[in-house]
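Each chain carries a letter (A, B, C and D) given by its place in the written order, and its residues are counted from 1.
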Amino acid sequence: MTDAVAGLHLKSISCTRGYRDLFTNLEFELCPGQVIRVEGKNGSGKTSLLRIMAGLAQPLEGEVLWQGRKIHHAESDYFQNLLFLGHRAAIKFELTPVENLCMAKSLHGSKTENGIEEALYQIGLYGFEDIPCAQLSAGQKRRVALAQLFLTQAKCWILDEPYTSLDVNAVSMLEGLFAKHLNNGGMLVITSHQPITIPAGEQRKLVLPNTQLEPLI
Amino acid sequence: MKLPAIVHKFSSPKNFYVMSGKMIPWFMWGFVLSLLVGLYYGLFVAPTDYQQGESYRIMYVHVPAAWMSMFIYMIMAVSAAVGLIWRIKTADLMASVSAPIGAAFTFLALVTGSLWGKPMWGTYWVWDARLTSELILLFLYLGFIALQAAIEEPRNAARAGAILLIVGVVNIPIIHYSVEWWSTLHQGATVAKFDKPSMHISMLIPLLVMATSFKLYYAASVLMRARSEILRREQNTRWVKEIIDNES
Amino acid sequence: MNASVQTPSTLSAFISLIKRDLMLSYRHRNELLNPLLFFVIVVTLFPLGVSPEKQLLQTMAPGVIWVAALLAAMLSLDTLFKSDYEDGTLEQIMLSPHSNALLVLAKIISHWLVTGVPIILLAPLLGLFMFLPGEGIITLMLTLLLGTPILSLVGAIGMALTLGLNRGGMLLSLLVLPLYIPVLIFSASAVDASMAGLEIKGQLYFLGALLVLSITLAPLAAATALKISVE
Amino acid sequence: MNPSEFFHMGGYAVYVWSSYGLSLVVLGWILISPIFTRKSIIKELKIKYRQQQRQAQDKNE
């Protein structure tokens, strides 16, 4: 393949909801060390775009390529390199944070519990490892889901509203983590209603339904 | 597996819309003509059956309807699979617009079967293998229609329907076999079965003509349904806008 | 690629998914009782509705118990994917690099362990209620052992298709019950035959063949359907 | 065969003619109903396109 991109490549993506066009002919590349912030009004298709990029939804037209291959042809390779966190945190309230993370880890890779304690410590849940998530606050539940970011070796992170119900400390800690990820050649796609300041990476912004990416300084 | 580009081009909604518009009149005329011929031969020319008297003439709607009920389900499953694998929009479409027609034929096969059964068996309903299979087929059709109606996003409805149809097609032989087996097991319950002697040619010909006529009917009516559905699904394209603007 | 990326082991994901689902069911164990109670109550209604006469109940027993098992199995499907769908776990399963069909199979297996197995264990009691003789009860349990996994597997496809739809429950029964018919026919007739002292190998072979077929195909179909449902 | 004999159908008239009649009604309805659907879709789309046009004009002004 001559046009292989080292990361994600969206090729003339169109998306509709019902019979209404959300966006048409969206085209961009996401390479290592780059961030794309997806913005737009409610219902402009931010979540739809993220789900298309993650391979959860199919676009009406167009292709998503991972390292030059269509993602549904390279699923196992792409999914090993992808971490997608959606609105719904995929956290079982009946399970403890450790059990939740253990499951997430084995779904995406290894079975070991290595690093889970450490990740929970980093995310500020030390001392809550063995309490069922039902007893944690909304922000703490969110942190359990975000602790996966410390565990994963995925290169491409797609995060839908990760800051929801987080406090200021957690947000700044996450931004530090994003910076580290980008400096290590990671990629990030993020939506947020809150301001984002990531001290690293080449940052661009996509305001739906416009399909032009704008540089962001 | 890749389909040649020409297939995709040929099966594009626009092309399909134009082509089918030209084909429908032919199918309609063929249907009306063969229907008249079939009815004439079936009702006037074919001789009275020595066992069943005139009541056997119900066969000329019952049997073709039963054939159609299976035939349409197969068409739906094949086109759904094609739509699922190669993402051909018009194939998805054919599956979903065929369903009401198939369900109607299944319903007719059941009702005419029981109307035929009354003079033959003395009751409107008998749990014989063929009627039971037909009843289950009707459930499969209704399930498919209900599923299509419940899913709002048309593309998702098509894909979910395709899975259901493929599962159904795998199951139909199994269901059919088990119902056959079950009915031979409980043979005592069924009243005198028709023995099926080789049919006389004068009775067979109207049957085949009627079967052809039903197929042409299906072709005409499925294309008519597909055309209106294409207008709905492709409403954001320019060519549909032009067509609508030119409609008075 | 990074050497430290561990090659994911599908088997370990498979096992830990089963374990997690069993643990979750254990923490909700009172919910598991509902389909079982339903199973018992439906069967109990028949002597009340028809007659307590031994002869009559005995002839009806295989069919009645099996129909009740069918309905109980269908009702229990509700818990198969729903919570995973609602909290987003299903998305993560679909995004796993492991084979989705195998992970779905893991979910079905753990679901069968907590809903199908209790039905099998309860069957002798209901057999007693319906005056089934000893050999009838044994055959009943055998057919349930072969049949309930098929119900879970086939039901999973229907559940996956109707997940997230309004009034999915009614639709589920319309989709799934016709597909359950072969299992019902062969299982009930096996119990019947064993009561008459006849050979039941044929029926059991057929159920076995159906089981193999549904283990190989149903997870694939269910996984494909789930992909559509999470979209 | 005279007409009354034909309509009598050897005593099976009820069954034969209700079969044929019902088939006619059901198949006729299935054949005709897409014509109505088509009309209603065209009407619906005309309204939709007109609205879109108006919105586009409003934007330009």
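By definition in this document, contacts are C-beta pairs under 8 Å (C-beta built on N, C-alpha and C of every residue); 3 or more make two chains touch, one makes a residue touch a chain.
Please read these numbers as outputs of a predicted model, since none were measured by experiment.
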Taking each chain's centre as the mean of its CA atoms, which one is most distant from chain A? D
Winner on C-beta contact pairs when B-D is weighed against A-B: B-D
Which one of the chains is closest to the middle, using the mean of its C-alpha atoms? C
Whole-Å distance, chain A centre to chain D centre, using C-alpha means? 50
Counting in whole Å, what is the centre-to-centre distance of chain B and chain D, each centre being its mean C-alpha position? 17
Where chain C and chain D are represented by their mean Cα positions, the distance between them in whole Å: 43
How big is the gap, in whole Å, between where the Cα atoms of chain A centre and where those of chain B centre? 47
Which residues of chain B are in contact with two or more other chains? 153, 232, 235
Can you list every residue of chain A that touches 2 or more other chains, as numbers and ranges? 58
If you go through all the chains, which pairs of them touch? A-B, A-C, B-C, B-D
If you look only at chain A, which of its residues touch chain C in the complex? 51, 54-58, 75-77, 79-80, 82, 84, 86-95, 99, 102-104, 106-111, 153
Can you list the residues on chain B that touch chain C in the complex? 136, 139-140, 142-143, 146-147, 150-151, 153, 156, 159-160, 163-164, 166-168, 170-171, 174-175, 177-179, 181-182, 185
Contacting residues of chain A [partner chain B, same complex]: 16-19, 21, 58, 60
Considering only the defined contacts, which chain B positions touch chain D in the complex? 43-44, 48, 53-55, 57-58, 61-62, 65, 100-101, 104, 107-108, 111-112, 115-116, 118-119, 217, 220-221, 224-225, 227-228, 231-232, 235, 240-241, 244-245, 247
Please give the residue numbers of chain D that touch chain B in the complex, ascending. 1, 6, 9-12, 15-16, 18-20, 22-23, 26-27, 30-31, 34-35, 37-38, 41-42, 45-46, 48-49
